[in-house]
């Protein structure tokens, strides 16, 4: 047991939740500081793990910081936590953005702070658990755990149609995860009901399941993850959830929750059922392309800023799907890179849209204009985010898209051509958005809006810095992603 | 000598008379009395069968029958005590012994 | 062998039949005697008759017990109860009322009484008949069961009572105790109030 | 010690400088960072920071140029950037002759524009942001010319696009700049995307982004001819987008919405030249595919003529220059396309100087007169001496009057085109030369000569301050002198400098020279003798006709228009290309987007809500069913029991004796059964 980093990083936020629940309701300042502290600690732990990454030799299955505890031996369920190149960046992203969300909520959440922060930290625990769990049952527990706080966070602090959005989100994801559970159980029993350990099942699944069973299980798992990603037909919960969720929550929702879906593909679907994955490759590509183009086009038609960013998330997730479909080393590494870069970029965009909403109390694009003049700093950061979003070279988004498509090129040129069409539309709606909201004359009613406060700047700074760093020196992140990508390519037997 | 059958027939007849008596009277106390008769008939049977056991077996074999009769007696005594106490209370409260009027438990 | 020896040989049988008649007639009178106190006396008669039969059947301890318990205790308790309360007047008034044939509403009129008697009779005859039929077909060995004067059953009963039947014996004492307490509580209620 | 010797001495440090050439782009980048972060505190001083940085880069560029001269071979530097499984990517800079020349051109023009902007942009509300973005642009352009791999080239290429977007949209309060900036970025983005596909294709084939390696593998025949052609055409598509060639030229005229110095720097000299530079830089690839070369030549030639025709009817000073730029870029592409590598690059260099000059003069004129409408000007020569004479120098150079710069480079291109044997292209080029001379003369007459048409503006006109006229003079001198290095008088020194294999390290010297000399050789002196007079003739003819129409008013302008009514309207409306794009691309995509939006809300959400509604319905129905049927049964049962209970209740008469009767009747029955079965 090499130092229980992972258990600490997962359960410290939970401890925070418990502590906050004990604090008196009126002591809002104390609550806010406690929440900040309990979300800062996992971030520091993540940094410590990043520093130690080198010395830690990769243990079993190529995992580091492995922790194992027998939970239900009779069924072969054990509390098994571990991280590798694929999940560590996501853990880092979760730690960072949860901290950013907490800091952002200092200013934005005005009522029932205590419950809000308690639920937010609970959410962080859930997310951490999903990325670190290596046992299907533990994974599923955390997967469901995430739903509960998110439902309340949207349902209570959300916008006008929050109940509808919260329920829609909850049922959509729940149905997905139930189907996923069927898949998991099929896997468990298919491989002789010995243990729920992901890695062991992955090694045995290929041999033991019949071809038809593999397809069905892959489909079940696909549905479970597709709802989360979201993939084209199952995406309509995302815009509603984003529009109605309070800003810090839609930051977390966009930046991390969507990644749980794609993480599922990388961690479970592809390594466990490589042949089925290859069989579904064309479907993945088709859905990915639909996501890209359809997402971008719908984004262009949106009048609400948050919906626009939500649909752009769908479009970017399409790239990840395309990368998965191609299955080449570059495409997979690019797709994993996109997970992180999109998390940062859409997180930043939501923060900015939230800041604007806080000041102008409207997200309708027609009503906003001339923000460059009234709130120059916020407008500039939003412009920065928009350019990162459309994949301006030199920023993280471009590197991801470039390598995904460079990887997809040998697989099929038509896919690249269509994806590139999507990139044009993405550039289109981003520019059009900037043109309508940031440029134009100053509006009287927004004349004397306060610009970004130091606290807000402190929240944006790390995200902006990371987007630039990952754009200029992608080696930092690629170092982590290289291993897992090669591993998956090996399993896929080279598409 | 007494014939077993006769003893048993006597018991049965006594039981029948007790039963009929209990059914036809409207006086609670009489019912109790008739019940006592029925119990005696039962004891009679016990003893006659005990006797049969003694005759066909050892004398010792008669004992259980008779012991059981003793227990029937104790129960009968207890039953009378309680029965009478209840009837006295009913008389004291309602001033009536007529069994048909004591029908508080009517459904 | 003289008529006396014969008679002596027959004595238990004759005794048995005499006792049987006494028992049955007095049993009948218990429910049919007009006055409740007469019924009580007839009940005593039945008890003693049965005790006689017990003696004939060689259950001497039991016969003694019968006399002691039934006649000495239960019959006396009945009389005591009747005497203490004004139970006597009430029950006699009722009998008279019924006897006069006015048929009070509660009794449902003599018409239903008649029907009730028939029903009761039917049930009794039916039940007794069936028992006898069962007895007849049971193939019980007939034969004399009369007891010669034996060594007396007290000792064996006592031994049995305190060995194999020790637990029932104790339980019986508990039953008696409970009955006593119950009876006292039921009957003695006013006196407690007076005390307070 | 004269200035020259001092620079030569400074050249002593070139090897060290060439090793870390990254300093050149780093200076302006640093100034951008400084300006952005210390925005408010700097205020007006932001301009000084920006100018200082650019001058620094200029000095370094000169030193690098001299250093390269002395060393004689390209120097590349850079390091490991990224490892991805089998692929190991390096990122770095290379200084070769083409790079050094471009460095020089860019830094000179950028410095001039910086100095000019101090005066021109005085009092602008977003002064710091203007200079910050200008520095970023310069840094990106410098990085572009030094990049040794397509990835870095692409990154700087798009950062330049970003800066052009920001600068065009500098005065975003007005509608035109807003539309123009977006149009610029989107159109160039179309080209960039095509270029990316080209880069991916090359990367998939060669496994690297390094230009030198790719050129070498192309030369050694590792790449199939089809791959080369497609990759070259795709790269050229990127160039078409950036250098505003037909059909992606529509954004350049609208880019004039930005401040004039921006137009001068970005939309005349540097950025738009990046496309030509890209073709030049990857010339090693283009050369191996005749089809690609032909495409470049044809599109270049056509664009030249096409834009020149439109320029003749433009009434806005900058629009004329904009279309002139498109035309001249077409010229360069034509030059490169027919194998005249040196000619193309030479023209690029000279054009950068005099076109920047012309734009700056237009700026100073607008500063004086307050408008760009040439029909409201006239007779400004007397009022703005310096601007007039520098403008004249630029115009003459552009028109191709010997011995100015334009003449030499245009002559080289005509020579190359003539040598390549494509006579149609040659005559198109000559026609373009004629038209160029014509519209420049028209411009000169309408703006500076003749009677002032607007008294008020004429009164108000005054010469621009020194900070603006200074750069004009410098550029004017360059417009005159710049042609000489490449001209015959100096024995085609520039050609040899560019030629000695430095430019195409990957290419074996023989291969390249053959193409270049082919141009010279085939034509031979005879050709040169034939081409020269034609070139001069067309220029002179253009001037005479122009002067006749606009100077002496021999022919009424209106009658001329009436005569060529259809052609005039066609030119006037820019061949309706803008409207075409609007109808074919922009409007349908917006409508498609709307349809998707509606589709998403109605159908998918409808579907989901439908499913929701259906579930609600079915649940309601289930509820009904549940109530009626199942409940019915249950209630029935309950009622039955109650009824039965009520019946049975009567059995409890309360009479003890009836219970006894029941008891014994039961006993009797069971006895009966017992007897019946057992005995």
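Annotations
The letters A, B, C and D name the chains in turn, as written, and every chain counts its residues from 1.
Here is the rule we use: a contact is a pair of C-beta atoms (placed from the backbone, for glycine too) under 8 Å apart; a residue touches a chain by one contact, two chains touch by 3 or more.
Since we're looking at a predicted model, the values are computed, not measured.
Core chain by CA centroid proximity to the global CA centroid: A. The greatest centre-to-centre distance from chain A, using averaged C-alpha positions, is reached by C.
More contacting C-beta pairs link the chains of A-D than the other of the two pairs A-D and C-D. Inter-chain centre distance (chain A to chain D, centres taken as mean C-alpha positions): 33 Å. Inter-chain centre distance (chain C to chain D, centres taken as mean C-alpha positions): 126 Å.
Each chain gets one centre point, the mean of its Cα atoms, and the points for chain A and chain C are 94 Å apart. For the pair chain A and chain B, the distance between C-alpha centroids works out to 89 Å. Annotation for chain B: residues 19, 22-23, 100 touch two or more other chains. In chain D, the residues touching two or more other chains are 657, 661, 664. Those chain pairs judged to touch are A-D, B-C, B-D, C-D.
Residue ranges on chain A touching chain D, taken from their complex, read 168, 233, 235-237, 294, 297-302, 329-330, 333, 370, 372-373, 387, 392-394, 398, 402-403, 405-406, 409-410, 416-417, 420, 423-425, 427-429, 431-432, 435, 438-441, 473-475, 478, 482, 485-486, 489.
For chain C in complex with chain D, the residues that touch the partner chain are 116, 119-120, 123-124, 126-127, 130-131, 133-134, 137-138.
Interface residues of chain C facing chain B in the complex, by the touch rule stated above, are 12-13, 16-17, 20, 23-24, 27-28, 30-32, 36, 39-40, 43, 46-47, 50, 53-54, 56-59, 61-62, 65-66, 69-70, 73-74, 77-78, 81-82, 84-87, 90-91, 94-95, 98, 106-108, 116-117, 119-121, 123-125, 127-128, 131-132, 135, 140-147, 150-151, 153, 156-157, 160-161, 164-165, 168, 172, 175-176, 178-180, 182-184, 186-187, 189. Across the complex, chain C is touched by residues 1-10, 12-27, 29-30, 32-34, 36-37, 40, 43-44, 47-48, 50-52, 54-56, 59-60, 62-64, 66-67, 69-71, 73-82, 84-89, 91-92, 95-98, 100-101 of chain B.
Across the complex, chain A is touched by residues 80-87, 151, 154-155, 157-159, 162, 165, 169, 172-173, 178-179, 181-182, 185-186, 189-190, 193, 196-197, 200-201, 203-204, 589-590, 592-600, 604-605, 608 of chain D.
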